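Labels A, B and C are assigned to the chains in the order they are written; within every chain, residues are numbered from 1.
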Amino acid sequence: MKKIFSYLFKENPVFVLVLGLCSVLAVTTTFERSYMMGVVVLVILVLSNLIVSLIRKIVSEEIRIPVYIIIISTLVTITELILNKYSKPLYDAFGIYLPLIVVNCVVLGRALSYASKNKVLDSIKDGFKSGLGYLVAISIIGLLRELLGNGTITIMNDISGITGYKEILHIFNNVVIPNKLFLTSGGAFILLGIVIGIINGRRSEV
Amino acid sequence: MIRGLKLEGKKEMSLSEEIIDFSSPSRVCVPLMNNNTSCECLVKKGKKVRKGTIIGIRKNMDFPILSPVSGTVIGIDKCLYLNGEEVDCVVIENDKKENVIKKTLVKDITKYTKDEFVELLRKCAVTGMGGSDFPTFFKYKSDASFLIVNAVECEPYLTADMMLVKLKAEVILESIDAIRKINNIKKCFIAFKENNEIVRNAFLEYIGNYENIILSPVKNIYPMGWERHLVKSVLNLEYDRYPSEVGVIVNNVSTIFAIYKALKFQRNITKRIVTITGEGFTEPINVLVKVGTDMSSIIKKIGKYRGDKLKFIAGGPMMGTALPTDHVVVSNNLGAVTIISDTLDEINECMGCSRCIKVCPAKLCPALIMKNINNVDELKKLHPELCVECGLCSYVCPSKLGLRDSVINAKKKVK
Amino acid sequence: MKFIKENGPHIKNSDTTSKIMTRFLISLIPIVCFVIFKNTVLVYFFTSETLISVLHPIFMIIVGVLTSFISELLWFKLVNKTNIKTSFLELYRSFSIIPGLLLALVLPINTPLWIVAFGAFCGTIIGKMLYGGFGQNIFNPALIGYLFISVSYNALLGSPLNAYELDTLAGATPLTNLTSLNYFGTYDSIVGSYGTLLNFFSGTIPGTLGEVSKLLILIAFIYLVITKTIKWRIPTTYVTTVFVVTWIIGNSLGLGIWYPLFHILSGGLLFGAVFMATDPVTSPLTPIGQVLHGISLGLLTVVIRFLTPYPEGVMTSILFMNMLVPLFDKIGVRLRYNIKRIYIPILIYLVITILLIINIISNINNNKTNGIDDVGNKVKIIEIKKDGNKKIYNVTSKGWGTIKAEVEVVDKEIKSIIVTDKKDETQWNELEKVDYIYKVITNQKDINKLDAVSGSTFSSEAIKNIIKKVLSEELK
């Protein structure tokens, strides 16, 4: 348990290394979109780490970045097509930020720094760890932003076409008026800053 | 534009008709210091000295330090100097005979040549008595066309120069006239505060006898006594580093008096007027004391301290140094001691009121210098080296910050 | 005897920071009194409002002051962990009530109390304490509070009219009115509906709490300058710049001297210039920097007033220019030692001003020539479907953002308007509250007489324009 906590918060790509903020700030207006983005990144991370690790001995040092980018963008394109087929609303909501996963530092970073040097199983493990960290971080931000900015928590709405389950929780029930600030990118920055501040504060205490 | 601030004068406190003579102490401690440079001692314990005997020398300028009394050298001791440091002093037992090396009396003091004059100033160890203690002969080495006599005394509380003018106006004018003729100076100006009637009347009585000496009243602001301000105000000239660039010599009025002594008797200055003043002292007054006297012995004879939490300041309240004890020795450049009670300040953050910037006579930005104190590159652009340490920035600061200290600090960093 | 050893100078000026801040507060007292007079006493005697409701502005001020005081106290207690006594001392030294007071004075009268508290809290904590407290903040704390309110709860900000004015005056504040007129009109259409310019000067026009009485602000300004409390260069250059630029604009449009005066006397210009732009902590230190700061504020205010849909612009300009204060100080320091270079900023500002004026004038002239066709510019008919005697117009209309709607017309009469897309429209909530669309449909024959909903003038206009366009299309 301690180990999980450790790599979720001590080595979290978003909160600690402050990587991959583009999507964190852009798509986290609802909880559902946030965790779906997290899942997509998690899947792509694991797969890209797997492939990169498999071909690590074939690819020479000089051309590895273009090769990795091609691998990652292939994976992203596949994901994009799948989402477009099965969940159009989510695909529309993600918009440009889905293809932009290609240049997400978390994915390329793990491929370069870990998967290209380690064995297949370890690389998958590493991809899963980082992806999980990203998933947790983006979900927290999304949850807080939606809760504070709109007063709701969307458990499942855009992807209800696949799952057949739809639920949006109205938390404040119009008693507290939600603060629109948190729906803007500026508000996302402030929130992210506060969360990072709290985590850093706790880390230094421990 | 002349920047500065009108300060409350508080000069009437120590003004009196007479000055009390305390010029025969039983022993003196002559600081081996000149212009904040320590000098080499030339006498040994037990040596008999007369007034004018060379007891020390500033090597790099070949500038002597002369004995103010006749008597026996007891030794060398550390004494409190006016800058707050303990410095080496030659301690001399005073035999009160006032023997001089050579008695001379020059009838016509205008008969010197320029070279003789400069050499005389060096031999008689004439220094700037307004506070700088800078060897005066240096200023007369180059040719000048104007002389400004500084009788402004812009610091509050201080009246030593005023008393000197009041008592010796005739002699001072004679001295100025002699300096003018010897150095071929075109015009001499006596600068004093426009509201200072005592100085004006004292000079007006005799000035009719002299040509080319002009009384020029200046604005009653602090720091009007700063050379740059005086040159600007009297002659409307500006210079880069030293007034000699535009052919101007600025001398304090008490330095002029010291030059007179040198010209007339070929002797060094052995006594000076010191103002003892301030709310913390019961009997504010001007006294005539020998150079090297321990100030505390005189203060004991005159009056008592009043109140608690007092500050003993060598010099005026703006530029003077607060000393831990009152055992300061009188040196050539000590014009006053001020005893005032400590100000209770409520110190706060800099609120950015920009008053220090408005008031700074050197056109500095003290608040910005303080903000950038750790950033040397930025400091260089703010030119802290121009600071004259007048202290107005700290004076006006509503947050009671030590702006002058940080500017002085920045000055060191930039060097 | 021992003496105190301390670095000089050993005498100090008697003025202190707390005296300065006290004078600042004293200068605000008449303005607060005027607020109470105008919005409480007058309203109580001339309308049938209850006592509690007329006391609302007083509560706003009290809530603002108390919130900023308490939030700062909590900060000292919880974050700095000081004990109560030192906390109060720190509070006294950091002048905690000023942000709350200023914030309450720049809000419109009908703002809910909890929004005031929210703004004061954000202003104090985020705008001041997070930066390190008094003297360290980059932005004016009161304006940070205002920013947070306007970003978070713009739709909930109440109208600036008190109950008495609601009976006598129509609709919006003078500046909103000017914006909806496309910055051009006659004296009667711009000033006339609020009385004369004297009313602007004395303060009997709608506006936020503190900004209306220019007379008292002017008196406060003179008092503050005489007592050397504020930097006089900033407000004077600020107001002068706005005056000169609007005078040139007005003059070239053939409008009299009243046009620049209107710009100075309406809105929060004077209040912002005197009380907020001069905030010592967040304004430049060097004299030249202050002048540049003032001029830039003036130009930015003109830009926001004339070239964006926001009618006011004072608060935004001050907040924006707070960021550039270090730059102005740097320029100020450079020029302090090299005054000959002063021609560079003068040239730059001259060019900017000229370009700005040309741009604004051509903009206004464009709108003027298209004057009658203005509705046609804003509303576009995308398609018309015919279904028997029923016609359905698919239209878009520009308000603050863009509205898409379907309009159903039977026998040249509008039966219904269905708004299909209002995503871009920020002020929509206000319209829905009063059922504005229903009002519009019932009043379609006399649409010009229908007032706009205060607080969402642009959206109201957008809906009204749809009606105008569709009816004129029908009548062809």
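Going forward, contacts are C-beta pairs under 8 Å (C-beta built on N, C-alpha and C of every residue); 3 or more make two chains touch, one makes a residue touch a chain.
The structure presented is a predicted model; accordingly, all values stated were derived computationally and were not measured.
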### Query
Taking each chain's centre as the mean of its CA atoms, which one is farthest from the centre of chain B?
A
### Summary
Using only protein Cα atoms, the chain sitting most centrally is C
### Query
Which chains share more C-beta contacts than any other pair?
B-C
### Inter-centroid spacing, chain C versus chain A (mean Cα positions, whole Å)
40
### Centroid spacing, where centroids are CA-atom means, of chain A and chain B in whole angstrom
74
### Query
Any idea how many Å lie between the Cα centroids of chain B and chain C?
58
### Message
Please output the residue numbers of chain A that touch at least 2 other chains, ranges allowed.
### Response
none
### Query
What part of chain B is in contact with chain C in the complex they form?
7, 84, 156, 305, 309-313, 317-326, 338, 340, 342-343, 345-346, 348-355, 357-358, 363, 365, 367-368, 381-383, 391-392, 394-400, 402, 404-405
### Query
Of all residues in chain C, which touch chain B in the complex?
1-13, 15-20, 93-94, 133-136, 228, 231, 280-287, 290, 329, 333-334, 336-337
### Message
For a test of understanding, state which residues of chain C touch chain A in their complex under the given definition.
### Response
126, 148, 151-154, 156
### Message
Applying the document's contact rule, which stretches of chain A touch chain C when the two form their complex?
### Response
177, 179-181, 184, 186-187, 190
